[in-house]
Amino acid sequence: MDNPSIFADSENETRNILNQGGTFLKSARCAEFRSAEGRKKAYEQIEEAEIDALVVIGGNGSFTGAHLLHKEYGLPVIGIPGTIDNDLYGTDYTLGYDSATNVVVECIDKIRDTASSHNRLFFVEVMGRDTGFIALRTAVATGALDVVLPEEHSSMEDLISEVEKSFANRKTSNIIITAEGNHLGNTYDISRKIVEQFPHIDTKVTILGHLQRGGAPSCMDRILAGKLGVAAVEALLNGKSDVMCGVENQDVTFTPLEKAISQKVELNMDLLRISRILAT
Amino acid sequence: MDNPSIFADSENETRNILNQGGTFLKSARCAEFRSAEGRKKAYEQIEEAEIDALVVIGGNGSFTGAHLLHKEYGLPVIGIPGTIDNDLYGTDYTLGYDSATNVVVECIDKIRDTASSHNRLFFVEVMGRDTGFIALRTAVATGALDVVLPEEHSSMEDLISEVEKSFANRKTSNIIITAEGNHLGNTYDISRKIVEQFPHIDTKVTILGHLQRGGAPSCMDRILAGKLGVAAVEALLNGKSDVMCGVENQDVTFTPLEKAISQKVELNMDLLRISRILAT
Amino acid sequence: MDNPSIFADSENETRNILNQGGTFLKSARCAEFRSAEGRKKAYEQIEEAEIDALVVIGGNGSFTGAHLLHKEYGLPVIGIPGTIDNDLYGTDYTLGYDSATNVVVECIDKIRDTASSHNRLFFVEVMGRDTGFIALRTAVATGALDVVLPEEHSSMEDLISEVEKSFANRKTSNIIITAEGNHLGNTYDISRKIVEQFPHIDTKVTILGHLQRGGAPSCMDRILAGKLGVAAVEALLNGKSDVMCGVENQDVTFTPLEKAISQKVELNMDLLRISRILAT
Amino acid sequence: MDNPSIFADSENETRNILNQGGTFLKSARCAEFRSAEGRKKAYEQIEEAEIDALVVIGGNGSFTGAHLLHKEYGLPVIGIPGTIDNDLYGTDYTLGYDSATNVVVECIDKIRDTASSHNRLFFVEVMGRDTGFIALRTAVATGALDVVLPEEHSSMEDLISEVEKSFANRKTSNIIITAEGNHLGNTYDISRKIVEQFPHIDTKVTILGHLQRGGAPSCMDRILAGKLGVAAVEALLNGKSDVMCGVENQDVTFTPLEKAISQKVELNMDLLRISRILAT
């Protein structure tokens, strides 16, 4: 096993590290890692395997671990944002987000194929425990009647009134997207409350679940992965560490891991406005 | 509006009817149609529109209506089996079944992409209120750990024991497919019972719902549609009526609508045997 | 490496062979194998590896080799029909055919999305050096204007007259499918001859090539693979050898390899008739 | 027919125009439009139909026409960049580009499924008469061995030497992407020259053609369409005209049509560097 040496400086070196020298560790979450003792054990194994540096692909949890390994043992670490939720500070897009939203849109297109009946209402629950990025983006993309987000504090009454207006206007769009972490409760319960209010409406529920995490990555996600992979290795070769590399406004940027972990990203509220314009 | 004349006899006529002369009525279920009065009204409209014959694409409900229109008013009618459930007597495949199972398989492939973790169990609920054709076929196709069918009377204990064996053997396959009409209850409840028994297992639920009805039709479904569409028009031109045309052993066959409606089709139990061999 | 023992007799044994005991050899074509000497070398390696039996997935070439290994060394062999061309005697479908035709149909659907312009003609070349199964099936499925097959001896004049009629009738369908092995020449040449005749027509050519061999298998192909895989192992356990297992009229059947190799399968000419009815 | 009034000012108005009031003209290229006389005729029809403003989706040709209509008749016009080639100044992405590159990537993934053989080389020709955006982006996304662009003046010798190195290193990647407008000639000719040089290499050619223009739009393209559609109507309501609206660094921007037409956009050469790092 040949591991990346971080002291070289040529483009050739980047290529070699990415193509031959680098090793995929395929690690996963591990509760042990949260204790100082667990990290000591991890670092000993890293040393034993003669690993010079870590490129960590993940979200807050992985970055916290990487940051501590760097702080406690001086190990060079670079973070690459990898989560379908797009909720990381310091990058416009996270790896997996574009692919996941394409999967959701394909699924909703299939629902829409038979959704034209006038007294049917379709609920589609998408991922997003804390953030509504997937829900909002796919709502705009599919012209959903409404979207129920974790961030937004509209009430059940608002949703009922939206449905009422929509059926009064005989809209062709009768799909409501819910983020799993929304504050109105689980999607079946929301659906039941709508039926209580409008007994003539026939509601149907789809829970997409983990299929949103799979499928072949989109072209955009691959480009992003290529850019970030090259940037991460080049950053290590240049002595950078303890930072996440992201893409902002098409340029590669570096954000201290501590900041990437602690800062919150906000939904683009103009997109919510656009979704309401397009839905009506 | 130019309607099919059933008294012509050439191939040209078939072509003209399919391409220019035929009219898509885009009708849907209607409670009124169940009464003699409702059918009288329907027939009067058919007469007024100078419709010579009906080709009815659907399942038991549509065929019952078509049969009664023929019986009560002598209207020439031909049924084409169109339901994703594949539960019609007199045809090996119904229109939509192959497409629906392809959609389910694509969805389960996506779940499988991230399903390799050793303490996770994925439940996928597919359509099938009365029959498990979709569930069984997709279970074989995806190597599912188990499948819960409406037709089969295995108990919750059987399922628990299957899961136990599977986790003991560290299988890579940890997907359980449930038909919506299965006798063990709704999929969230089944999932909860498994977790009560195995608290260390993390279960995830996907409810595919109406997305199974959409998407572009598969090549096989289009071939079937082409064969049956041509056969239906040719049958009408030859004076046939009150029958469903299907494909059995690659040949077009005709079954009296009354028989198509009343006879039950059975699941292929050898496929269940194969699913169990491939799952273990 | 644990190899299939063919002397067991229980269903459990089949399961074990398919799931654990069997070995994928991942062999490929090899000119050496055509000589008696080459096969001797192969058999010696088979013996050394303690392989009890071979299940060979492929077409004529692979089956010829398997048949000779059986004939010359008594090695138990079973063939499973695996070719996207569907041109094997003794089975209604070969593994890969349904998937390949779905891929072609998806591609042609994409072409059709922008194909409505009235003076454009799209040529799509599909696989099929000797047989037109893929071309004919996808022509029916996509309502192609015409299909140029290896089996059919229509002339360039016929094609020109078909195009002429079609443009006179302002058809929405303006896609012509050519099998690579058709007798009118390569697809660019055919396209050029059409433009010589009709200078106002703008032709576009797509050559699908090897993308037809890839992609996730369809549900039907997986069911077929499951059925045939189980049948092959059970047949070996029951002492069968030197046969191909196929599915005919939904039942598993066995055909001597020699017959499977030497008999020709014919295109379903009724499908050609249907394609012409649907195209016009 | 109710047409957009550009003198209103509320968000409601935007919604109404997009959902009810706007009219899709579905126009296409027309040589007549290039003459002052042709445009006069067009404007008279616009007046007669009481059309207040035009939102033109297209590329250089459409924008030139829109600009002249504005200049000659004062008609309010806004351009929306719509071309799969991504070669318009004043926007990071054009409508259709993301979808087209996803289609290409899916096709190349399918080729790659069977591309592992060691003496095969696959050529895939993608769209791009004048620009290599699609070719370059998909080369990065698929780890292509090489990419032949209209913008780059590498010689046939360079390509031969790249192939030589690649086969010497037994690479798993053996796909070469060519843009249709590349300067080395058509893809079959390039393939033939490679075979002359390396007779043991078996080359295969795929010409994707117009299938790149079809398929369901990606999520990103739909978001872009939503943003630009709303922005265009709001711009008209605010009295803007003769500009193209695009998205640059995630913000909507407006570029005078004359500038959008005349300025050239350059390939991102860092992406070419990344493609070479990832390919080797």
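Going by the order they are written in, the chains are A, B, C and D; count residues from 1 in each one.
Everything below uses one rule, namely that a residue touches a chain if its C-beta (ideal position, glycine included) is under 8 Å from a C-beta of that chain, and two chains touch if they have at least 3 such contacts.
Given the structure is predicted, the values throughout are model-derived calculations rather than measurements.
Following the contact convention of this document, no chain is adjacent to both chain A and chain D. Comparing mean CA positions across the assembly, the chain most remote from chain C is A. Spacing of chain C relative to chain D, judged by their CA centroids, is 35 angstrom. Centroids built from CA atoms put chain C at 40 Å from chain A.
Chain B and chain C have CA centres that are 27 Å apart. Among all residues of chain A, those that touch two or more other chains are 109.
Working note: touching chain pairs come out as A-B, A-D, B-C, C-D. If you check the complex, the residues on chain B that touch chain C are 11, 14-15, 18-19, 92, 98, 101-102, 104-106, 109, 137-138, 140-142, 216, 218-220, 222-223, 226-227, 229-230, 249-250, 271, 273-278, 280. Considering their complex, residues 28, 103, 107-115, 117, 122, 204-215 of chain A touch chain B.
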